[in-house]
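After the structure tokens below, expect a handful of questions from me.
Note that the chains take the letters A, B and C in the order they are written out, and that residue 1 is the start of every chain.
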Amino acid sequence: MTYISKILGVAALLIMGSAVARGQGAQISVAAAADLTFALNEIAKEYESQTHNKVKIVYGSSGNFFSQIQNGAPFDVFLSADLEYPRKLQAAGLVESGTLYRYAIGEIALWCPANLSLDLKNKHWNALKDPRVQKIAMANPAHAPYGRAALEALQKSGIYSQIQPKLVYGENISQAAQFVQSGNAQIGIVALSLALSPAMKSGETWEIPGDMHEPIEQAVVVLKRTKDKPAARSFFNFLKGDSARGILVDYGFTFPAHAPVAPSTRREP
Amino acid sequence: MEALFLSVRLALCVSAILFAIGMPLAYWLAYSRWRGKFLVESVVALPLVLPPTVLGFYLLVAMGPRGPLGKLWQALFGHGLAFTFTGLIVASVLYSLPFAVQPLVASFEGVDRKLLDASAVLGASALRTFRRVVFPMSIPGVLTALVLSFAHTLGEFGVVLMVGGNLPGITRTVSIDIYDHVQSLEYADANRMAVILLVFSFAVLSVVYGVNRRVGRRVWATWPAR
Amino acid sequence: MAGEVESGALTALIRVQRGGASQPVFVLDISVAVPSGITILFGPSGSGKSTLLDCVAGLLRPTVGRIAVGDRVLFDSSGGVNLPPQQRRVAYVFQSLALFPRMSVEENVAYGLADTPEARRGERVDLILAAFRVAHLRSRKPGEISGGEQQRVALARSLVTLPQVLLLDEPLSRLDAELKASIVEDLRAWNQTQRIPILYVTHSRDEVDALAQRVIAIEHGRVIGQGHPREVLDAPRRTRLALAAGFENLLDATVVSLREADGVMSARLAETAVEIEVPLSYATPGDRVRIAVRAGDIMLATQHPSGLSARNVLEGQIESMEHRGTLIAVHVNCRSAVLMSHVTPGALRSLELSTGKTVWVVLKTHSCHLVSD
């Protein structure tokens, strides 16, 4: 008899415990473009410390998320690396009204590991012509926003035809970075935000001038499917706030003209 | 279509290589009495349980300038192994290894030991015994191994994604191509390629199993139970 | 005559131990000498016969010992010699025959002659196919010929290589009597010209009788008798061998008295008051012994017989009778001692034997064999 009552007691505690836990805060499920990998993690941590909510982020390619969301993937918020995908979702009626917001403008950069001594800062595009550079990684321009920008910039640079045979394509900006980090490609055209992240800071970076390509306008949407609208909106609003924007600035993002930049209020890690 | 030809070429190369290295390996696994054999069996079976991304990740690192494969390749050929057709062959051989080796082992083990004894007593060396007794009796297993290697390589995606670099005509296999079309929302193109691949695979398998049936063997009988 | 082989005797003095160092699971501990001609290796299942053959063929390595054919040493643990099967010139026909299923009869037989030049090879194959009367089957596969024909092919395959020793593991167990006889004939004929030791394993008493020249009886990994079949099997000294050799009656008894002058002693069958006379052996009154008697050595009479030389005549009732092939096994209860006798159906009819009938059991002294465990 006592054994049974023990089991019942534990079960009761667990049920009560989970009820209590649920009452503590919501879980927000976020789909984010790969270039936000480090920046968004910091933003989420900041958000969590200020509210009771938890943020769960999945990183990947914007195009992938677009397809998934169209087919019913249960995300609450979607941070794309471009403007088109969110617009399309809105047109399809999948977005909460009034929640399409251009949260940042992304930049691209050339990146290589420090030990190659390719002197990106001075050589700029010419570094790509170095005979030691056998492979150049970039995101696939067919479907990745950063890939498109990279291609545009390359074509404008005038050396595209020379280095074209050396190009290899990653599924998204992350994979392009992986190719370079693992040493299989010597240089990569990656998101500036990734180049500035702790993982890649030690390498050489050259920020590609923004006028060499169409600006990479990145938009966020709250999805209609979200089960917890207040929570999702609260996160959405946090993204617009100074705290979040300050973090984005640290990672090289800029902002559309209509929203001026505020100084960062957070501490350096 | 270029992607399909690439995939078929890759699958053929990989099947041929797996046949060449799979046979001696399977022979050893079937007949060795070494106590540590189970370790080798586990390593061979790893690609069955590991997600392709794990294998892909390790390969990416191994093919890099600091990795063993990368260093070797650079020394021999002056360039890296990743993003090349050869790199895909290496990756696919590792990934499809158990699909070739396990049916072969099952087949070899299925040969009555007494036949091997008889062959030895009649003066045949181990090699001759293999050539004249074991191999002819293992044709179903060999066929299964070849077909599985081919089919598995044809359908491979994850590993190719990790180390391929998506170069048209070199590493853009049909599965990557379909994925790209989907990513770019070109569903019609994706569908077209997918159907072609499906029909092609089905045709190949039907021919193989059909021929096998007529010869009176049951290829399924050597499907590895483990 | 060309192609004749004469090899020395096969000698094997070996010990095979399996299992751990402290707890050996199975031990074969024997010393045998097998001269030219057919020697039967006889014993119950699990006694070690196949193990011995495997050692001679080189398929199993003895723990310690020496195996030689004449002067040619095949295995010597102290000398570090261990020839692989390929080099031993030993032929081995397994119980399952192990014919290569994908090859024709001709290819099977030619298999062991790979090192012989092609022309000569064809000749030898033709000769042996004819000798074993399977030449007309040369293009067939083993699956397409009968059991008896398969057996012949297996023999031909082994013998075409002109081995120095032939090992046969229960080669005829699955065949009927007529087939056995003809194959045995072929083998004997062949053995006339090729005087090599042939070690023939069986647990069938019939085959011993058919081929008997010499028997080695083996049990629990040890040789318990070597010599002429009559000595070894008709006067068995071990229970298991007695059972294997067809002694249907095994009776426990206690020695009552000895009569050395007559070479006999009397023993009382266990749990009865029945005393019978058995041959004298090393025993003292009170000793427990076991007596083995063949059912075929026990005679029945419907009247008390007189004037017989047999010393044991016991009265009893028929308890039961059953057909055993061409014989009737009759169980007779003689004052609690149950004995089994074999009679023919003709005897059954003419004596009008039936359950419950009173009969006299006649048992010769020397049909009783004392066996030990």
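The rule is short, and it goes like this: a residue touches a chain if its C-beta (ideal position, glycine included) is under 8 Å from a C-beta of that chain, and two chains touch if they have at least 3 such contacts.
All figures in this text were calculated on a predicted structure; none of them were measured in a lab.
Visitor: Which chain is the middle one, judged by CA centres?
Guide: Centroid comparison flags B as closest.
Visitor: Based on the averaged CA atom positions, which chain is farthest from chain B?
Guide: Centroid comparison gives C as the farthest chain from chain B.
Visitor: Could you tell me the distance, in whole angstrom, between the mean C-alpha positions of chain B and chain C?
Guide: 53
Visitor: Taking the mean of the C-alpha atoms as each chain's centre, how many Å separate chain A from chain C?
Guide: So the centroids are 85 Å from each other.
Visitor: Between chain A and chain B, what is the gap in Å from one C-alpha centre to the other?
Guide: Here the centre of chain B sits 37 Å away from the centre of chain A.
Visitor: Which positions in chain A touch two or more other chains at once?
Guide: Not one residue of chain A touches more than one other chain, so the list is empty.
Visitor: Of all residues in chain B, which touch chain C in the complex?
Guide: It is residues 112, 114-115, 117-125, 128, 132-133, 136-137 of chain B that touch chain C.
Visitor: Flag every residue of chain B that touches chain A in the complex, lowest number first.
Guide: It is residues 60-61, 63-67, 70, 79-80, 82-83, 161-163, 165-167, 180, 182-185 of chain B that touch chain A.
Visitor: So in the complex, the part of chain A that touches chain B is made up of which residues?
Guide: Against chain B, chain A makes touches at 61, 63-64, 66-67, 134-135, 137, 140, 142-143, 167-171, 175, 178-179, 182-185.
Visitor: Considering only the defined contacts, which chain C positions touch chain B in the complex?
Guide: Within the complex, chain C touches chain B at residues 57-59, 84-88, 90-92, 94, 96, 98, 100-103, 111-112, 114-115, 157-158, 161.
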